[in-house]
Amino acid sequence: ACTPQETAGGGDNGGAPAAMDTVKVGLISGGAHPYFQPWTEAGAMAKTEFKLGDVTFNETAEWDQTKQNDVINSMVANGYNAFGVFGVSPTDINSTFSNLKKHGVATAALGSCPAGDTNEADFCLSTDTEEAAYKAAKAAIDAMDGKGVLAHLTGVNVDSNTQRRIAGVKKAVAETGGAVTLLPDVTDIDTDLTTAQKAVADLLASKGSTINGIVSTAYNPAVAAATAVKDSKLPIKLVAIDDDATILSAIEDGSVSATVVQNPSGQAFVGSYALAKLATKACTMASPGEIIDSGSFIVTKDNVKDYDAERDAKSAELAKDFDSKYLDCK
Amino acid sequence: MKLKLPATMGSQYLVLIATIILGAIILGVSSGGNFFGPVSMQTFFQFLAVPILIGLAQMITLAVGQLNLAIGAIGGVAACLAAVMVADWGLNPWLGALVALLVGAVAGIANGILVVVTKINGFIVTLATMTVLLGVQYALVNTRTISSDNWAPVAALGKARWLGLPAIFVIAIIVAVLVGLAFRYTTTGRHLLASGDNEHAATLAGISNDRSLTVAHGASGLIAGFAGFVSFASLPGVNQSVGGDWLLSSFAAPIIGGVSLTGGTVAVFGTVLAAFVVRLVDSARAEFQLAPAWVNLVIGAVILGTVALGRLRESRESAKAGMLRARVANHRVNTAALQPAAAAAPAGPPPSSEPAPSASEEVKQ
Amino acid sequence: MSAPILQASNVTKTYPGVKALDNVNLTLMPGEVHALLGENGAGKSTLIKYLTGVHQADSGTLLINGVEEKFTNPSESGAAGVGVVHQERNVIREFTVAENIVLSRTPKRFGFIDWKKVNAEASRCLALLDFEIDPQTPIAQLSSAQIQLVEIARALYTETKVLLLDEPTASISDAEAAKLFTVIHRLKADGAAILFVSHKLDEVYAHCDTVTVLRDGKTVLSDAALADHPHDEIVNIMVGRSLASLVTPERAVDQGQAPVLEMRNVTTTAGHGGISLEVRPGEILGLYGLVGAGRTELAHAILGRERITEGELLVNGSPAVIHSVRDALHTHGIGYVTESRKEEGVFLEQNITRNVAVTSWGNLAGPLGMVRGASERSLVEKYVAELDIKISSQDQLAGQLSGGNQQKVSLAKWLAADPRILIIDEPTIGIDVRTKRSFYELIWGLADQGLAILLISSDLAEMITLADRIAVMDSFTLSGTVDNSHDYDTMSQDVIRLIHNKALA
Amino acid sequence: MSHATTPAGDARRRQGTDFKRYLTSPQFFLALIILVLVGLIGAAKPNAFNGAFVVAPLLTSIAIFTIVGLSQMMVLSIGQMNIAVGNMAAFGAMFTGMAFDLWNMPFIVGLIAGLVAGAAIGGLTGWIIAKTGVNSFIVTLAMSFALLGLVPTVYSMLSPGSAFTAKPEGMEFLGRGTFLDVCMVGYCGPAAIPVMVVPVLLVVLLVGGLYARTKLGREILLTGANIKAAELSAIPTNKRVVLVHALSGALASLAGILLATSTGSFTPAIGNEFMLQSFLGPILGGTLLAGGYISVTGTFLGITLTLLIRRGLELFGAGVEMLNIFLGLILLVALSAERIRTVRRRKPTPTPPDGPPPAEPAAAEPAPAESGATA
């Protein structure tokens, strides 16, 4: 099975754009995580709205880069030609993207951008995690009346998002000019709820009386902290992340001061749209590898009922920006 | 009847107790006494329940010379099924708790039956059932977290205090005591140990090894189900991550506690003590604000340390015995040297039990 | 005479590929001690396993007190009053002596184990044997002889009408055997039937009334009075042909030669003190003693498995520090045939080739440590022929061989390694008469070739037959060394006296 | 793979029975299931044979996990276990990553650094086991905890993103290259075959050869069969135990490095998925947990089977829950079927008059009790 050198690899460029219904989009999560729940619905919406061939959500990656690659590869074999991927390993996902691109597949980093300065995907549509963490920390500091001791709970240390969040929180604390002190970050406690609960409880037991605020930028610790702080009856202000039902109800009952909500459905919906445009070869990226903030929003008791509207507006704006700025269409 | 411990076992307990006391003192001093405050103590005991239970669950399979890799998956499915049934199907919360235990027992018995029927190594069987159960757990809850508000009365038990201690800790201790008594005072318990120690000898004594294996896996599953129930009761909610990190940690407590992997032994007290030691490491991490990775490093060192220490003691004891025997022997030789030619000493009557000379018949020169 | 207690008729049992029992009949009468004899692999243990429900037969009937029984499990036979001591040790090492004794039927009160009663019952059984040991001692602390006694005590725990003993005396001392026989005679007087398996014919003649002989799974002599069949005749019946008498060859060891192996006033970490001995080329030095005297440990000290803390070990006249068995073989030419072949002597799950060639791979390997398969096979072939090992092919697993042939495999590996000094530990435990003889001839042949042999045995008759000189060991010291005249009566007295005197000292 | 043959003359004479023996071996059984599966998948999904996206990645995983399986198989061969395979992989790979990223070493040097580190940590583990006589499960469990703590700590100390990302010349080629990149006179190889299979094949042959042909391999197997008897047969068992663990560590580390080269960077997550899979391959392939018997071919086939099932399920779009449920069930069924098959086959065991020697040296051939049965 020898192949003449010239025809090996590479997608065929040029030619007339294909129809939108030739596009099959794969939305690949990093693993099973509530964050990705809206992707399913948003993907289905994009399919009907833009008359795409198919949009399939797949979460079999199990937070393992090899498995994620396997899933993507299997889908390519099944005819999928556009992928929005939450890369498990930010340092490795660029290789996956360039491999896909080499075969003419449209790619987007969704929810998380590759580590380092380059993004090999056509574009990255993600929360500016540093910005979101900064906002969250600011919200916590505000709730603490601008002074005191702040603790930061977060996820896997090796996730580049985690590093960005740590930076965001540090930045917010630095801006207080010493009025707020930050305890060492508690990382790696997002693996399971028990670990998170224990870590939060131990933190409260040993330092609870001195802590004034907690900002959690990972899911399980946020859920654990919401209950733990309430039960401890300590006057600790808690700011969480994401809008899982558990967190929202904690905001309603006041045990959580605020949460920073991201825009996963916007990522999936707008992402699918842009991917389809790229896959049909109707458009190319104006500047390949563009990094786009999908937005983050502070939700408190006041706007817990209607923050979705704000978020939808952001998504609509994103879609417009793609048409006007990011995409270069024939 | 007094429980007679093998000498080495007794001193293993002493080492563990000493470690716990020393650790507690260090933590107490460095926290300025805060460690012994009510909140801190409650927290300490609260999170002992699951390690004790999963340690016991693993210990029971070790007793019959098996391993149970599915403990975390069983506990996870138990908690998740209970949560789904209560939250989505409107089952009474207490019945939900019962469901957790039932799931544990059923899954455990299934493990046992598979091991018995297929004769495949338990390690592999539980590896396979673990994979299946992880799939089931995910199918049950997907990515959501089911809030414990759905089973408020049971969740209240998770936060309750009995005798000033967390109720779930007391429950774990009660389970431990029952397990200990079962291994001491019931024939079933003794039969598990006998099967684990020497399958063939057990068979000859009329013990069914198949039954021992099924019972052990069943009991292990039931206790894993208990751990699932404790999670159900005490976690703020239940999701697909419950039980996720129980696999390796379930081995830590029994091994540090002195249970041998080859079967035939249990150490309930040792397992409980070892869970205390591991929990102290946790607390120390929080107190000194170290990265969680350090906990693993220390646990690794503690496991190696305790078993190596045990070995050292054993070999030192046998060396001591040898030295003693040699001293006696040398003494005898020296005194015998004073009375020359031992063989020539006056003949005593040969012992009456002497065998009839037969080989001499065969020997024809 | 009264009716038989146990009557087994037309028992046939096949293992995969082996017809272990072929229409066997056995009748045990109350008040008799019945010997069950036969060569290794004749089917004795298999019959006992059938009688106790460990294995089921293909066909055959079993009557206990005239009632037909079909035991499917050992607890059923126990309940029917059949006590048994199997050939292999079967104890729970983590349990105490007491619990091991009562394991098949642990005393309970209100559904829970009654530990007081457990110990009381165990003490009662131990007392029957005059065996003084705390019933709460963990089994793991016992010597193998003591474990054997515990197993006998266990057989006495339940009301026994029938007692089946499969080579109970193979690994206990004469004194302990004597206690066993006292119990046997007491049970006999009480009207029980005892089946006694042993390869030690002297014991059989001293204590048994009737005899059944098996050969290749068939009953060749059934329920006969032992008195009617003299020793030689029984041997011939067992073997199936007339067996010529064993002739001890004329052996002349040049005592003037320098010893190849010598110990001078050695103290070891195992606990030996003041040990001095020497072995010359071509000489068989016997090391006799009661079980537990420390002979195996002394061998281990020579091999470096125990350290020598004082005194000197000399090989070929120069001081030697040996670290391991490998060291012993490669630098000093010492081989060691272990005492427990199943645990230490052979690799049961490996084929014959490997079992024999293991010590010779160093010589067989070419560049890159590749073993030349053909030379390996022909080497093994040579020793299989030389020792007349009965195998179907070199690919047979050692575990599939009879005990005697396993023992030969264990010896063959050391002969293949071409040692100058060979330590042989209890070579004939559980070995039948014929194989024993071929072993004796083999050992003489080796000595004639100039090997220095240190022979450890607890079988005094064997010692007196084989050794040139006998060193007697007791409690980790040497009591003395005597020249062997090969006359049983005088030698046995000398040897026993040596042990005795020391014990008094 | 380890079908080393017996001396040429004998081999021909035995050919007929060799074949029959082969047909009844667990390896043949596995190969058969694999073929049937490939056929089924191919029939249902013709596009499944997409070279670049299905076959090549699958072969890459098989290559990597075969090494993982061998790493465990070696330890199983002495009747022990290595719970820390994954962590040793992470540890060894970490050194390669450091060599590339911090010290700018060329590819080969970094590779060797990682292998040496893996061998060292494995050797240390083996040494502790040999010295203390503590059960290997316990020691490797402890080692696994320790490395689980150590490796991420080192990463986060030495690199801001907790990953080593430098890619020296050759890393891409080995990790992601296929024969499409290997061109001669204008023609290139198939895109379906990754370059990585070449070194992996070499390692497999070396391990197979070690067990089948060498003194060392035989001594290792006998150490596994009965360590006490081995020591009393003049085998330096302690040294063999240390060596085996060192080799296991080196192999684990090789697998970790290969994985890193294929995904693109060195992270503490390397090896997370190794432990459970490492047991499945050898055991499905007929290696005994009790020691003394291994099969290199079987390990390869066992790994292939599990990965094939996984990939097949993925191709059919099974979700994460179904994937696990099916995988677990299929494993149970495959193992039980194999068990029933061997049990049934062992029943009639007439001892043959003069059975021929086995086709493969016993090291790489059927489970102990069958050598008499199938001859």
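Here the chain labels run A, B, C and D in written order, and each chain numbers its own residues starting at 1.
Everything below uses one rule, namely that a contact is a pair of C-beta atoms (placed from the backbone, for glycine too) under 8 Å apart; a residue touches a chain by one contact, two chains touch by 3 or more.
All of these numbers come straight from a predicted model, not from anything done at the bench.
Ranked by separation of Cα centres from chain C, the top chain is A.
Between chain A and chain C, the centres computed from C-alpha atoms are 73 Å apart. Distance from the chain A centre to the chain D centre is 36 Å, each centre being the mean of its Cα atoms.
Chain centres here are Cα averages; for chain B and chain D they lie 31 Å apart. Centre-to-centre, using mean CA coordinates, chain C is 43 Å away from chain D. Of all residues in chain A, those that touch two or more other chains are 32, 59, 157, 188.
Contact with two or more other chains is made by residues 152, 156, 320, 323 of chain D. In this structure, the chains touch in the following pairs: A-B, A-D, B-C, B-D, C-D. Listed in rising order, the residues of chain B touching chain A in the complex are 31, 34-35, 39-40, 42-44, 46-47, 50, 138, 142-145, 147-149, 159, 231, 234-245, 282-283, 285-287, 289, 291-293. Put simply, chain A touches chain B in their complex at residues 32-34, 36-37, 59, 157, 183-184, 186-189, 191-195, 197-199, 201-208, 220, 223-224, 226-228, 231-232, 244-246, 249.
Listing the residues of chain B that touch chain D in their complex gives 69, 114, 118-121, 123-125, 127-136, 138-139, 248, 251-252, 255, 260-262, 291, 293-301, 303-304, 307-308, 311. Listing the residues of chain C that touch chain B in their complex gives 54, 73-76, 78, 86, 90-96, 99, 103-104, 106, 108, 111-113, 115-116, 136, 138, 174-175, 177-178, 181, 200-203, 205-206, 231, 245-248, 267-274, 306, 309, 460-462, 464-465, 475-480, 482, 486-489, 492-494, 496-498, 500-502, 505. Of all the residues in chain D, the ones that touch chain A in their complex are 45, 47-48, 50, 52-54, 57, 61, 152, 155-156, 160-163, 165, 176, 180, 183, 186-192, 259, 262-265, 267-269, 272-273, 310-311, 314-315, 317-320, 323.
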